[in-house]
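By letter and in written order, the chains are A, B, C and D; residue numbering begins at 1 in each of them.
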Amino acid sequence: MINTQDESPKHQLKLERVGIKNLKTLIKIDRNNKEFRHIPKINIFMDLNEDKKGVHMSRFIESITEILEDEVRDNHKSLEQIGKHILEKLKIKHSYFSAEIEFESEIPIYELTPVSKKDTIEIHDIKVRLRNNNGSWIKVLEVNVIGNTACPHALAVNKKGTHIQRAIGNLKIETDFDNDIDLEEMIETVENSFSARVFTLLKTEDESFVVDKMHTNPLFVEDVCRNMLSIASKKFKKSKIHAECLSYESIHRHDVFAEGAIET
Amino acid sequence: MINTQDESPKHQLKLERVGIKNLKTLIKIDRNNKEFRHIPKINIFMDLNEDKKGVHMSRFIESITEILEDEVRDNHKSLEQIGKHILEKLKIKHSYFSAEIEFESEIPIYELTPVSKKDTIEIHDIKVRLRNNNGSWIKVLEVNVIGNTACPHALAVNKKGTHIQRAIGNLKIETDFDNDIDLEEMIETVENSFSARVFTLLKTEDESFVVDKMHTNPLFVEDVCRNMLSIASKKFKKSKIHAECLSYESIHRHDVFAEGAIET
Amino acid sequence: MINTQDESPKHQLKLERVGIKNLKTLIKIDRNNKEFRHIPKINIFMDLNEDKKGVHMSRFIESITEILEDEVRDNHKSLEQIGKHILEKLKIKHSYFSAEIEFESEIPIYELTPVSKKDTIEIHDIKVRLRNNNGSWIKVLEVNVIGNTACPHALAVNKKGTHIQRAIGNLKIETDFDNDIDLEEMIETVENSFSARVFTLLKTEDESFVVDKMHTNPLFVEDVCRNMLSIASKKFKKSKIHAECLSYESIHRHDVFAEGAIET
Amino acid sequence: MINTQDESPKHQLKLERVGIKNLKTLIKIDRNNKEFRHIPKINIFMDLNEDKKGVHMSRFIESITEILEDEVRDNHKSLEQIGKHILEKLKIKHSYFSAEIEFESEIPIYELTPVSKKDTIEIHDIKVRLRNNNGSWIKVLEVNVIGNTACPHALAVNKKGTHIQRAIGNLKIETDFDNDIDLEEMIETVENSFSARVFTLLKTEDESFVVDKMHTNPLFVEDVCRNMLSIASKKFKKSKIHAECLSYESIHRHDVFAEGAIET
């Protein structure tokens, strides 16, 4: 039987990450008695020693498939837990020193509009990454949330008003696997850092509420970024917190940006 | 010599467009005594009769290469003219009934900021398409320009101000090859259709000018779209004019959109 | 009460499509006793008469929300049916002549690998569009499916083999609302049009099967496109069928492309 | 005069990167007596102390504009040199500890086809990043180059042939500002690491050459990645070298990937 992957490579160099990118599959999660379904984009990697030509790529897929077919309900209570089981299964099939899995997906959050109190569903982009480094487990949770900035400088110098724009807040938390952190709480942190939160449904009275809020809470991207870091550092302990805000300026063709980090 | 392309196909069906997508090359244009350089994304297609298995793809590239190497300066005075020469050259190499070439690129425009009168260069996305339909030539020129909308409804109902956001205007003009239309004039048309034009450089006094302009000229995407159609219909004769405006709402996660057409 | 949208516009021009783009929400479908969940990207538009300044955008969201909250199970048996109910609801809230809704999503298909007969889930991109034109309903179903092409010309002229590459097949069917067409059958049509179908999981024996299949079934993009048109025209009656194949050439930086249409 | 940026922020936190993203402008470079023109996407950032509310964003643009208007020809001999002058100019206008500029662009390379020796222009994506860290200058050069992989395992186990696909090689070099490294040499390094180099124009004899080359030089993404690291480590001294290869598998919907690093 030919096993090209186990042959000796031409250049004996260790590689940090070898694996699969942009794999899509269906994942069902049972969290707080609610079923979530994801069709995430999955990246999965392991390191490769200098003496092996290649990784057996099909073992990644098998590990994913076997874990997803597992009927034990408790094994499916979060993406990070499924990820951990996949990397553990992979370790049995294919020895590694470090390995990593990432899920890129979306979650729906049920909200009420701010004044009219109507039901609305808001969809947010999330990323869950899990890394096994020689047996120790690190997870990185990430959310991308849409909001806005109203420029405080233009508001201070102009009589007619200020410039306002859509902005994207990104909050990333790296912590131990066992440190329970809710994606929903991370999303709330970002939403509360903007000039105003946004909603899919807005009746006239809600729209007025949001427009007022933007004008009474004008913020630079720098302010939004610091807000995220400040709120997150109170909520999420024993974590490396990283925050970014990108604003689609309404007075320019380009975007403005702020990025910072803090450790708790 | 084997010529698989000229064999008979399994299913004898005529195809509308067969060719190459996303080819990149360097093109130099000599227009109004200024040299423009493009690295456009090029799509090039021809129709294929039901009795041929395939198109000789390398003949597209050869036609492009031979025309671009042509030293006659007058042959390079616009993307549409180069496109015409490429399709004429292709016709000699490879018989077709209809053929088409598209260039996706950018153009720089030299401007002055509105109040401080500083120099600024603004870059805009353009598309130039040329179609030969049994010998008759149609060109389609397209520009994508960034600006903004300030909501007139929110301005009318709120005391504090309105919501404002970045918007994208798209103007497309289909006309005879010989009808001279400047991309720069199309860009100006879109810029004048927004609540306010935007600039890469804005000194404080310029920024105030833009903020004021947005508040004195509040527009829905519907208004921006109609402005484009109205201005364009006066400027560009014997044309099919198509306009779109997409606005990155600052109070929502989604975008709003308007699209219309007019013939002159 | 101020109603800016109902005012008279500056330029009295009719607009074809006014509405919302890139809205995301959660939709549950009950089809053949299986529950599907989508988080589609939704576009929704209506036409706008020359005498009205704007569309009441919140009515789109309300129509979507009210239909999705509807507990009648039969109302949720396909994306096109939900779309129809949304446009009917919208008609009550906001008069229009024509309106349109599009859902961009993904569907999972459960398959067996070709030789080892292992379970595998394959995810495909789909688009469902529904248009109401003065009371008559047209639907457009679209699938994007990944496969491959092996070049028949290179296979004929080279001793060592041919060039092979990933390709994307797009099949679009426009038909009456009542003409039942399965997205799964459309996906199967595209998969059977390639040199070989692809799978997420491939054991060694499956991989050999796919590699063999590609070499015994070499196809140009033109062939793939005609295959789709030919198979689809037998399966899907009273339809406008449109097919495209784009191939990420392994011997070039650019892609090759074929497009055709047929009516049944 | 109101100077909101210099006020004290609500949360006194230092930020790592504050600035502008996705700005586009026109840049002319005079290198080896040839004029190159770029319309790069530019990102420019500086750090922000905990005691200042914001960065004066217009000073970034002014620094860029003033350097680009500079007529001294020697100031424009590479993107990294222009970047250095922009960050030096920015330091005068706006104090910082660290600052960074990135240019994302394309370069054309004039080549001959492998057998027929025809002229062909190949376009490659590049990125040039420059960082000033408290006065010390680090540059990071990056190229993205298209090529292919032919699977050595499938070639070994199948009689008919193997699977082949387009692949992307990414090579990144971090080094001192004064260490002269040619983007062209980096591109050549990546091209020589694939199963075969690709060309925009291929006559039949060239295509056969490429197809033969792929079959006599079958490589995993792991091999391509190690090839890049090995060749680059011989060519580029005193550098941190990082290499990635992503392959658009023709037998799967997903991509495979390898990443490694080496220091010289």
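Methods note: a residue touches a chain if its C-beta (ideal position, glycine included) is under 8 Å from a C-beta of that chain, and two chains touch if they have at least 3 such contacts.
The chain lineup, named per UniProt: A, B, C, D = GTP cyclohydrolase MptA.
Predicted, not measured: the structure shown is a model, and the values here were computed from it.
Q: Compare the contact pairs of C-D with each of A-D, B-D or A-B and report the one sharing over half of them by residue number.
A: Of the listed options, the interface copy of C-D is A-B.
Q: Going by the average position of its CA atoms, which chain sits the greatest distance from subunit B?
A: If we average the C-alpha coordinates per chain, A ends up farthest from subunit B.
Q: What's the distance between the Cα centroids of subunit B and subunit C, rounded to whole Å?
A: 26
Q: Give, as an integer number of Å, the spacing between the C-alpha centres of subunit B and subunit A.
A: Computed value for the inter-centroid distance: 35 Å.
Q: Do you know which subunit D residues sit against two or more other chains?
A: Touching at least two other chains: 23-24, 123, 157, 200, 202, 204, 207, 253-254.
Q: State the interface residues of subunit D toward subunit A in the complex, per the touch definition above.
A: Contact set of subunit D toward subunit A: 2, 4-5, 9-11, 13-24, 43, 45, 48, 53-55, 57, 152-153, 156-157, 220-223, 225-227, 229-230, 246, 253-262.
Q: In the complex formed with subunit A, which residues of subunit B make contact?
A: Residues 122-123, 146, 148, 154, 157-158, 160-166, 196, 198-200, 202, 204, 207-208, 210-212, 214-216, 248-254 of subunit B touch subunit A in their complex.
Q: Enumerate the contact residues on subunit D facing subunit B in the complex.
A: Interface residues on subunit D, with respect to subunit B: 23-26, 37, 39, 58, 61-62, 65, 69, 106, 108, 118-121, 123, 200-204, 207.
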